[in-house]
Structure formats: C-alpha cells, structure tokens
Amino acid sequence: GGTSSESGNGGDGESKGTKGLAIAYDIGGKGDQSFNDAAYAGLQKAEKEFGYKTADIEPTEGETDADKQQRLVSLAKQGYNPVIGVGYAYATAVKEAAEQYPDTTFGIVDDSTVQLKNVADLVFSEEQASYLAGVAAAKSTKTNVVGFVGGVDIPLIHKFQAGFEQGVKDTNSKAKVLTQYLTQTAEEGGFSSPDKGKSAAEGQIEKKADVVYAAAGLSGQGVIEAAAANKVWAIGVDSDQYKQEALAKYKDSILTSAMKDVAKAVYNLAKSVEDGKPETGIVRGDLKSGEVGLAVSNPTFKDDTKLQEALETAKEKIISGEIKVKTS
Amino acid sequence: MKKFDKERVLLAVAGPVLALAVAFVLTAIVLLASGKNPVEPFTIMFEQASFSDIQVRIVNQASLYYIAALAVAIGFRMNLFNIGVDGQYLLGAMMAAIVGAHMDLPAFLQVPLLMLTAICTGAFWAGIVGVLKVTRGVSEVVASIMLNAIATSIIGYLWLPNVFGVKVGNNNTTGEMAESGWVPGIDMGAAGEIYGLVLLAVALGVGYWVVINRTRFGFDLRASGASETAAAASGVDPKRMILTAMLISGGVAGLAGLPILLGDTHTYSLNFPTGIGFLGIGIALLGRNSPVGIAFASLLWAWLDKASPELDFHGYDKEIAVIMQGLIVLSVVVSYETVREWGLRRQQRRVGAELAAGNVLGADNNVKKEVAGR
Amino acid sequence: MTTSTTATDLNQPSLEPTARTGRKMSLPVLLLVISGVLALTSLVRIITGANGITNVSQMSTALELAVPIGLAGLGGLWAERSGVVNIGLEGMMILGTWFGAWAGFQYGPWTGVLVGIAGGAIGGLLHAFVTVTFNVNHIVSGVAINILALGATRYLAPLAFEGHQGGSAKQSPPVESIGDFTIPGLSDALTELNSKGWFFISDLAGLLGGLVTNVSWLTLVAVALIPATWWILWRSAFGLRLRSCGENPVAAESLGVNVYKYKYIAVIISGGLAGLGGAFLSIVANPFYLEGQTSGRGFIGLAAMIFGNWMPGGLALGAGLFGYTDSLNLRGGSENVHALLLLGALLLLIGAIWLAVRKKYVQALITAVIGVLVYAWYATTNEVPNQVVAATPYVITLIVLALSAQRLRMPKADGLPYRKGQGK
Amino acid sequence: MVANHDIHLTVRKGTVHALVGENGAGKSTLMKILYGMQKPDEGTIAVDGHQVSFSSPADAIARGIGMVHQHFMLADNLTVLENVVLGSEKLHGIGAKARRTIKEISDRYGFGVRPDVLVEELGVAERQRVEILKVLYRGARTLILDEPTAVLVPQEVEALFVNLRELKAQGLSVIFISHKLGEVLSVADEITVIRRGTTVGTAVPAETTPRQLAELMVGSELPTPETAESTVTDRAVLSVDKLRLAAPGGKALLDDISFTIHAGEVLGLAGVEGNGQTELIDALIGLKAADSGTIRLADDEITTWPTRRRREQGVGYIPEDRHRHGLLLEAPLWENRILGHVTERPNAKGVWLDPKAAQEDTRRIVAEYDVRTPGIDVTAASLSGGNQQKLIVGREMSHQPRFLIAAHPTRGVDVGAQAQIWDQIRQARREGLAVLLISADLDELIGLSDTLRVIYNGKLVADADPATITPEELGSAMTGAATGHLEHEETPETQGLAPESPEGEAR
C-alpha cells in the first residue's frame, strides 16, 4: 500500500487554513511541569489568539529518530504549521522532516544544530538566568555555602550548573558551591524523584548550604520542600515556581526562579508564521529578549533593593557582553 | 508419525491464535470500560500496518527486537536468565560507535570490525556474569541486574568530553562515525529505507536455528536446558556450557543495537533507544525461543509500537497498546502451557492406546521374546 | 513436568551441592562482623574527615531509601518461600504507587496505603492465577505483569488525575502527609553524641539516631514487617505450611496441605507487600504518584532478597546496603565515595592478611595488590567521578555476592511447576 | 490406560495386610486413592463400616489413615520437627509441646529421632523412621507402608518388623507393600495380589510359599538372574586405585577405594543407599573429580579426563535415576538416542548432527531391544518406565562399551523386561565387557556378579563369593557388622526373615 502520509490521516479533506500550531513532546510529555508544559501553554495561547486548530502529541518510550520524524511528517502532512519538536532529541527528526516539507515551518526547542531555511531553532541561554540565580544566591547566603541540585547528569543541566557557579563566584569569591546530580540517566528517575531531590538538598543544607538551586524537573519539588523545612532559600527553575499550586505551602522559601520562557518562544514562532514572516535560524531566548530571567514574585526578593541592584548590574553586563557566561 | 506432526503444527498455531483473540477481546473490554469505542483503535492500527512507510519502520524496529530476543533465547535454551541483555547491547553499541568514530578502514574491514567490537563488548559484559556464576555461584539474575546499572555509569563515563564524548547541542554523542562504517539501507522509495543490517538479524536467526538444531554444540545446549543433570551425565561440562552460553548470548546482545547504529544514527547519543533488552525477554518468551516464533513476536511487538502513535490523532490513548502487549504475553503463555499440557497428556494416552491396540514399532520381530518374557 | 523452553532455575545460586549455610553464622559472630565494619568505617571517617558517612540524617535518609527496596524484597521473600518466583515485583510496585496515591489524595493517606496494598495484591493475584493455576513459567508471567502494570497505570493516570488540582496525566494530586515521629530525648542525645566525632561511639550513635529521628509511621510499619515476617514464616503453623510448599510441595500435599491455597496466599501477600512499597513511594517518600516513580526498585528488591539468602534479616541487610550507598550518593556523593575507597583498601588489606594466615599466598598477594591500587586511587585524587559514585551500590553488591554467594540457598522447589496429584 | 479397576480390598483391624504385585501393577496408585491423593472414578471406600470419600489427604488423615510413601515425602531444608508437625499443627502446636510428643513417640518405639536436625543430614533408615513417626504423630489407626523395606538392609528390616508387630498389638491396621516375598510372608496376616491394576487373589501366609505367590503375581514363573558359566578373563579393563573423594566440608565420601574389573567380569557392589555408591559412579563417569587416587581404563589413566572423553573411549552408563541422568523426558526418543553420544557415529558427522542416521539407528534399537512404542517421535516421558530403561540399555550397548556402569539396571522394570536386560548384560559380558553392577536387589546382585564387594561409609569393607553367599550375610556386611572376606556359614543363625518364623514374636 501507500505510505501513511500519502493516504493522509483524514487531513486532506479538511481545509488547511483551519490548522495551525502543532507540538510533539519529548519524553516526559505533558504534565512534566517543565518545558513540555510550557510549550503547551504557548500552544494554548496561540490557539486562543489565532482561533485555529492545534495538536499536541506524546512520544512513546524507546522510540527511534524515525518515529519522531514520522510524527512530525504526519503533523505537517495534515496541514499543521508550524510544527515544533520539543526537546533536543528531535534534532535529527526535525531536520529530515523539514527537508521533506519545505513549505512548513518547523521549530525545535533546545537545539541549535539544525540549519535549514524552514527551521527555527528555539534555544535559550539558561546559563544566563542561572548566572543571575548564582548572583542572587551569593548575595543571600550567610554561610557562604550554596547548593546546586541537578536532575540528570547531561549537558543541558551542565549549562545550569556552569552559569550558577560562575554567578556565585563572580559575586562572592569566598562562597562555595556544592553540586549534586541525582541520577546518570533520566530512566533512573532523576527528573521525577522529589524524594531524591529532598535527600540531596538535605545533605547540602547539613553542610551549611543556605541557598539551594534545583535544576531537576519534578525532583526540584523535593529540593524546595527540604529548603522550606530547614528554613533556607530555594531557587526554582523553568517556570515561576513561587506561583505553582503544588508548591504553595513552601512558597515563602522560594527566593526566585530561573525562568526559561518556552511558552513565549513557541507562541512567537506561531505568531511569526501567522504573520507570514516565519522565524528561521537560531532564535535565542536570552536576557536581552527577556525569555530567560529571574522571577520576581516573592516580595522579599523583589523588595531587596541591594540584591536587585546587583542583579540589574549583572544583567546589563551580560547583555552588553561584558560578562560571558560559560555553558559547561 | 505424520499424524503426530500434523497435530503438533495445529497445536502450535491454534494456541497463539486463540490467545491473540483473547487479548484483543480483553483490550476491547478495557476500552469499553473507559467509555471508548472498542473496535476503532484496532481498525486504525490494522490500517497502519498496510502503509508501506509504517511497514518499513516495523521491520526496522523488529530487527532490533529480534536480535535482542535471540540473545535472551540462547540463555533460556539452557535455563539461564540473561536479564542483562539491556546493558550488553547498550555497551556493545556504544563501543562500536566509539571505534567507528575513531577508526576509518575500508568498509569491507570497518563493518566487520565494528561488529566484532560489539560482539566482544557484549560477550565481555555477559562473561562477567558467567564467570561469577561458574566460579562464585552468583545468581545470573542478580549479577545481570547489577551489571545493567553499572553499564549505565560506564556509558555516562565514556560520554565525558575528556573521554570519548562529543557534545552536539544539548546532546551527548560519541561523535559521528566514519562513513566506511555506515551500512547502506535497502531503499524502499517514499516509504524510507530498511536497515541493511536487517539482513544480519535474518542471518543470526538462521544461524541460531542451524546451531541449535543441527550441531553437536546445539544439542548439548538444548540438553543442558532440558535437564542439567542428564546433560552433565552425557558429557556436557555444565560450567563450561554456562560460560559459553553467556558469552554467545552476550555477543549476540552486543549486536542488537547495530542495525540502527550503522544504518541510521551513526552515533551513540542520548537518543539511542533503550530498554530493548528488557523487551527482548518478553519477545523471546512469546516466540517460545524458536527463531521463527521470535520473528513473529518481534513483528507483532513492533507493529503495536509503530501503529499505536496514530491513535493519538484519533483521541485514543496509545497506552492501550502497552496494555495489549501485556495481555498478549499473558494470554499467549497461558494458552501455550494449557495446550502443551493437554498435548502431552493426549500423547501419553495415545501411546497407551496404540500400545494396547498392538501398534508397536518393534512388535513383529519380537513376538517370540514377548511370549517368553511374560 | 518440566517446562520445555524456559528458565526454571532462576536464582539457582550454585551448581555445587549447596554447602550448609545460614545457621553457621551465629548472632554474636554477626554482631562482631558488623561492629568490626562499623569500627573501620569510623576510622575512615576520622582519617578522611568525611563526617557525612555516618551522621544521623545520612542514616535516616538511608532508612527511607531502604524501605521500598526492603518491602519489595519482602514481597519476593514471601512468594519464593512458597515456591513462586516473582519477577513481577516491579509491576506490583507500580500498581501500589498508582492505587496508593489515587485513594490517598481522595480519602487520606492511610486509606491510600491500604488501597495501595490492595493494588499490589491484585497484581499478585494475577501472578498466582497464571503461575499456580495455569502453571506458566514464573518469569514469563512476571515480565508480562510488569508490562501490564506499566500500561494500565499510564492509561488510567490521565483519566483519574487530570482535572484535579495539582494533578496531571503523569502526576497525582498531592496526598496528605502520614506524619512522622522523633523520639524526643533519645534523638537529641544521639544527634549530640554523633556530632562529637568520637571514634566508634559517634558512629554507633549516628546509626541508632537514624532509627529514631524523623521516622515516618509507615517506615515503622515497614521495619516491623521484617521481624513479623520472620515470626510468621518461621514460628507459626501457617508459615511452616507456606514454606513447605516452597521446599517440597508434594510432601506438603501428602500431609493434607492445600498447596494451591498457600501459594495463592503467599503470592497475594507478596503483591501486597510490593504494593505497600509502592504506596510508600507515592505517599511518604513523595506525596504523589509520578510516572516512572519506582525506577527499577522492584528488581533491586529481588536482588536484596537473594543477597539476604531468602531470609528476612539478610534481606533487611541487603536493602540497608542499597539504601545506605544510595543515600551516600545523594548526600555529597563524590566526597563520601572517595572516603569509601579508603575503607575498601583497608578491607582488602585485612582480607590479604587473613588469606596469608590461611596460607593462600597467591590470593593474598593479588588481594594486597588490588588493595594498594585502590589506596593509590584514594591518595592521588580528591573526589571520584559522578559515574563511579552512581555505580557504587551495584559494585558493592556484586563484590559482596561474589564473596558470599556459594553460601546461599534458595527454597528447593522455587520456580518449579507443581500440579496436584502428579507427584511421584 | 486404566491404572486400577475392580479392586477389592478389605483390611481388618489389628492385622498386617500385605499387598503384592509386579512393577506398575497399580499398588501405589491404589494406596494414593485410599489416602486421598488421587480420586477414584468409581467404587467406594469404607472405614470402620462408614462409607467415606476423600478429596485430599487431609480427609484421610482425619479418618485415621496415614501413609508412608514409596518415595520419601520429606522437605530436606526443614527440620525433623517441622516435617513431622507439618499439616497437623493443631495437635500439639509447632513448638515445645510438639517436640515433647515427638520425643515420646520416638522413645516408645526406639526410633532415636532427633527433632531439631535438618532432614538433609539424615540417612535413609533415619528418614524412614521419621516418615513412620509422622504417621504415628497423627494418631493414625491405619498405616499404609509403600515399599518401606526397599532401602533397608535385613537387620533394619527386622527392626522395622518388630515395630510393626508392636503397632499391630495396639490394635492398629497396617497395609504393607513389598516386592520381597519372604518379608511379606513373615510379617503379613493376609496378602492381596494385584496384577495389571486389579486384584487377582488373596493368600494366607501360613499356607503359601513364595513361589506360589510369585506365580499369582506375574502369572508365570520368576526368572532368576543366575549366570551360568564364568567368562572372566585376566585382562584388566578398569582399575581404580586408592580413590578418595571428599565433600566440600572435608568429610570423605569415598576413601581408599581400590578394585579392578577384568574383561568379561561383572563386579557387584552391595551397600545401603547413600554409602558412597552415587559418588563412586560420579567419580568413574567424571562428574566429580577425585581428590586423590587414580582410575585407569585399560592402558589409559583417565582420572583427569572429562566425562565426554571417557564416554567416547568406551564407558557406558546406565544411571540409577533414569529420569535425572539418563533421559530428556520431553525430547523425542531419537534425540534421547543421541544423548551421551553426541560426538559419535551415527549421531554426528564432525561438528554436525546427523538426525537421519540417528533416527534410523533409533528404529533399530527400538526393534532390537523391544522398546514398546508407537514411534520414535514420541517423547520419552510417554513411555513406561521399563521401556525407557530398555531404550537406555540399547543406547549404551550400541556404542560397544568396554566398561559399563550399571546402576540398578532393572529398578522399576517388570519381570519380562528384567529378564531381557539381564540377558543383554550377560551377552555383552561374554563378549568381553567389564561391568560394575550396583543394585539394591541382592538377588540380582548375587545372581549376576562374578565378584562381590560391599561398600560401607565410603569404604570397600568386604568382599564375597557370589556362588555361596546369602542375602542375609551380605546384608550384615552392608550395615558394617561384618568386614573382610565373607565366608558362607553352613549353619544358618536364627533368621527373623525366614518364612517359618513365628508371628508376633516378642521384642
């Protein structure tokens, strides 16, 4: 028989105009309270604003690049535009799907290796936000010990660690950063084990850390819990965790969060397509674009003028290029 | 004897078919219970199987499953439970990727070299289990579970930038392999490419059959599985056999990742499919450790994998396919066992009946003796 | 009666006729060994300054991490003592996490615990049905249950949790805390003692302190289940019957024991215990269900059980080892594991001396050389790579097993098919 | 196939009722039915005049029926106490009270049972006593003993009979199964004969001779294993010198074993099971490595050879447990024909199997050795025990062994097949085969052997001349009571086993 995309997925019948943004999740999928959810938030915003039909599709475990490609192709064939792969794992898939469907705009989050006319690489300078988190931590610590908890020992998280460490050191050369990764692979639960996060944070707090920064997905909830229990500061990640329902109990211990606005990036790409000027090439979300940064929901944090000044200075230096933040 | 054979074939086919039907019905009940249409998901998934690109991907995926399951089956054939295939194939693939990235021989040398690397790595990793079992009596199950976990760490270590790791974007890889090590696929036009090493899977299957059924070694292996004590008394050194079986199983396991590595990704990255070793266990058991059975089981499994994502587009949860995989394994093995027991009892009864009726093979030239004996 | 195709001697520890075991190591000897190791650890702590390796919170974390593993292992113990290999523990744990959280967030944590147990028990019932009634190979059934449990919980999670506050397709809404306790005077005293850094005494205080500080009530239940299991299986009529099914079901049958019944009960309890382990994860360790929460603990539990020679005490030791090394990793892994290198070197050296005394010079030399190499590693580095840290629990388990495995003995009819009235 | 049909059996109170019949006649099956382990298709059972139906052994136990099985029903890894109280924990609990009761019973009958040792540490006779204790502990009024004497030496048998008479005196009924007709006549009050699953007659011991009983059993005359002329040569085929084998703990399982078997000679090895026979076989076939000493096959020293090489060089093996060591039960007959000779013709050509040739040769064996089977593709499990044994004998003989280990070659085999197997051994012996014969059947041993040795506690303690020795004399050496060269004494001592011995003899 023909290929599945030739026969279409019931898509050919409907008019293409009614279909818009589609996203394909990375493992973790919807509900990860991290960038998958953020991407979904962007999708919802686009759906509401542009009034078109959207799609969001989950991956399967242990799938290959070919499967991811198939997913993207299938979405493109059905007329969705743009089609975004959430997560660097989609790199190969996006590249090949984009070659197959040159008229569709593709997006990929967290990867800058795909260079095609119809592909937008939505990447973020997480290290810049982490640098600011480091500044905030260094300014807030009384013990000169701060902690970093990484979910899984992979390059993406190394960026957070590198930025944070640099921020701390640049601000307070006497401060020491304790680093702890929870697991080697995601399968072992590094991003989804709050209990592990809690143990790790407790260990750091016992060694006098009084600010802990978690770049650990769902495990970060445990880090925040431990910080609250021991009355030290926690710094959240990805979204503004001060505002998260699940963490409402501990919000007074959440100093700030190093945000990465995947939602905005996704929405922007959708908007650019809608406006007829699709983004292409590397679209970097950084301090300058405002797609990464520190959340200011916690009043204690916001009202600490000295701290805010220091952050402001650091931010300007980064934007001006005076400070180059390391990525690993 | 033709009668017995025909019956055996019938039994062999009737069991799984019946079981599949039961599994489908049970799945339909789950769908019904959750308020969904109990039939449409199946029609969608069957329809998927008719598309050539899906077919290509089913075959590709099945080749990985097939090799992993063969590795498991070799162990099972002699009552060894190699739950460590997962670690063995990951390490094997990674080592092959590393060698492939750092060596560049002509293809006719490079590809065998990569395969040899994978085989040796897998065999080495499984060999640890074998040695521990033979010399120290450590259960192969625990040892392999531990070694799977240790393999994860080793992989993490090899990925370090100052070891063999090459960072590409946010991905850890082992660097692009030299092109001489790429195995070209079989071009199926718009449907995509079938991995060249699907042929390796086929060859391994044939080799497995020949070795198991047609060689002295295979006989020893089967005998060890059927009765360790009888095999030992017949001259099989059980320790050596365990070690050999583990080494072979591990060697084959090492190859399980190669079709996709040499045929598609050309690097070992965070995207490399994991968990195939564990699925291999289920598939081997589903295929009753026979090369043909495993082939069907791998294809069935791959079909469920590749056809289910489509369900998402139609408002169904594709987890239903995972439920179905579980149900299929359960109902198939239950039916195997029931049919097997029934068949055994039936055969015994028949032997008894045929003997009573005087249909004895050696009867005619033994009339005299029989009279004398009684 | 043997299955034609698949493994039946899972866990077969040895080809040799098993040497007599277990009973040889009397309690005083065991205590001596344990305190010896503790003394060494203490020494290492003082030399390296890695105070983390024996402090109170290290120990209480270790306990919390050990509980789910120990419960899974106990589940395995019950099943295997009745002659059924249970490799479906992982799946039953998954059911426990899901059901525990599902009932927990709606009706309170204790109800959650009960429903979690029930969830695991359903998995056990299925396993019993397939392996006991249909006599299917135990491994196949276990593998299938693992797959099925994963699929079922994933399928059900969105249906049950989406739309509730704090719930999503992969996470349940939070469950209320079950509460914990600290024995006030004792805990403080031990913590105080522990912080003094004295040789041995402080370490012992750390160990004991972990048992009385911030302990969840469910942890208490789990710990109590170890002696309870021992008592039931080895001191009650019910336990005797159950064990007899794992040793020689035909003999049990000939004395009027309903072997099927006991196997069913054992496997259902096994599932229930694994379910409890799951509920512990989704109610105590984390206050909610998360997809992938068990991350292989069922298998580790199985390993701990084999490690513990199919005995509750040994199993607790095994689970404790996993919990301890795990908590070492999570709490300053590289530093702690680096300190462990010294401990390893010391142990190797002692081993070498012991071997030399027993006139096994070649082995003694090899052991000594390895010891020196480990020491060199310790002396020339300040920390070990993360990867080594992560592998530590597994490497230690392998080493301990390699040193002790020949003394292991599993129930004689473990994993073998059984049919009523077909015994010879 | 019907195992039992039209069985009529009445056992009176306070008597010993013997049940005899050839192998596979259905004795054990009948007892299992009486004991509730199997269900009868039709017919009735009455206890004390009440009609009963047993759905499990528990029901039978409740009715006061206890059974000691042909194959021990003990869990090795449980203690004696645990084995005894299992299933009847309600009686005296599982603790101190139960221990006291066990001691009491043990003392009353002089069993000398130790409640807290593991069963795996016990010898056969001790296990037997534990089995009987199990039944007594439950307060059984009717005892079923299925071949209790098969593994006992005559002296132990006599001790058992003293116990039985004691039980009888206390008003218990005993059903006693044995192949040893002398024993039966000595202990029984009544005898029922079973043939092909049905009762064919009853006999009163006082009026019956063993020969009459045997004829009733098989419907024909008993064959005897006697060997006519000696064929022993002076060519040594197997010589064992100072063989020693120790258990992992260091205890010697075999010690200072030396013997030589010549071409054409059958060396019979007598001994109570568990005295080192199994270990000796393992050492000879290469499954266990000797700690010291040498084994020579003709001119080659084979002490360090692996099993396969020994078998290739002409060591044949009829194992004592055919199911564990001789067959792949679920494999077809022709694959079983390959087992043990996979490297030899016609089974293999180089590294390749030759299934065609193997199948062809299997057909030959089936025909020549009268294996009753509808074909060579049926599984070994579906053959009867005797036919399985014939297949094994045929297979081993097909490779022209120089030395044959024959362990219980006719165990569980009916008289017809027995005679055939004996014939084959004799035939091969005439052609120069050296045989090590191990058997619990002393008549077979004495009848077939050219030389006799007795193994006790891992040592060869005695030798005897088969032409003159009696089973009783051999038996006393088997218990370690006599050593050295056994001379036949012309004036027999009072033998408890003699049929004419008075019944109810006091202790």
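Worth pointing out:
In this document, chain identifiers A, B, C and D correspond to the written order of the chains, with residue numbering beginning at 1 in each.
In the analysis below, a residue touches a chain if its C-beta (ideal position, glycine included) is under 8 Å from a C-beta of that chain, and two chains touch if they have at least 3 such contacts.
Fair warning: this is a prediction, and the values are worked out from it, not measured in the lab.
With every chain reduced to the mean of its CA atoms, the largest distance from chain B is reached by D.
Looking at contact counts per chain pair, the maximum sits at B-C.
If you average the CA atoms of chain A and of chain C, the two centres end up 36 Å from each other. One finds 29 Å separating the Cα centroids of chain B and chain C. Per-chain Cα centroids separate chain B from chain D by 44 Å.
Touching two or more other chains at once are residues 329-330 of chain D. In chain A, the positions touching at least two other chains are 153, 184, 187-188. Across the assembly, chain B contributes residues 152-153, 156, 226-227 that each touch 2 or more other chains. Under the contact rule defined at the top, the touching pairs of chains are A-B, A-C, B-C, B-D, C-D.
By the touch rule above, chain A contacts chain C in their complex via residues 28-33, 37, 153, 178, 180-184, 187-189, 192-196, 199-200, 202-204, 206-207, 218, 221-222, 245-246. Every residue of chain C that touches chain B in the complex is listed here, in rising order: 2-16, 126, 130, 134-137, 139-141, 143-152, 154-155, 158-159, 296, 299-300, 302-303, 306-307, 385-388, 390-391, 393-395, 397-398, 401-403, 405-406, 408. In the complex of the two chains, the chain D residues touching chain C come out as 32, 35-38, 56-61, 67, 69, 71-78, 82-83, 85-90, 93-94, 118, 134, 248-249, 329-330. Chain A makes touch with chain B in their complex at residues 1-7, 9-10, 55, 57-58, 60-67, 70-71, 74, 78, 88-89, 91-92, 110-113, 153-156, 159, 184-185, 187-188, 328.
The touching residues of chain B, counted against chain C in their complex, run 30, 34, 75-77, 79-81, 132, 134, 136-139, 141-143, 145-147, 149-150, 152-154, 156-157, 160, 225-228, 238-239, 242, 281-282, 285, 288-289, 317, 319-327, 329-330, 333-334, 336-338, 340-341.
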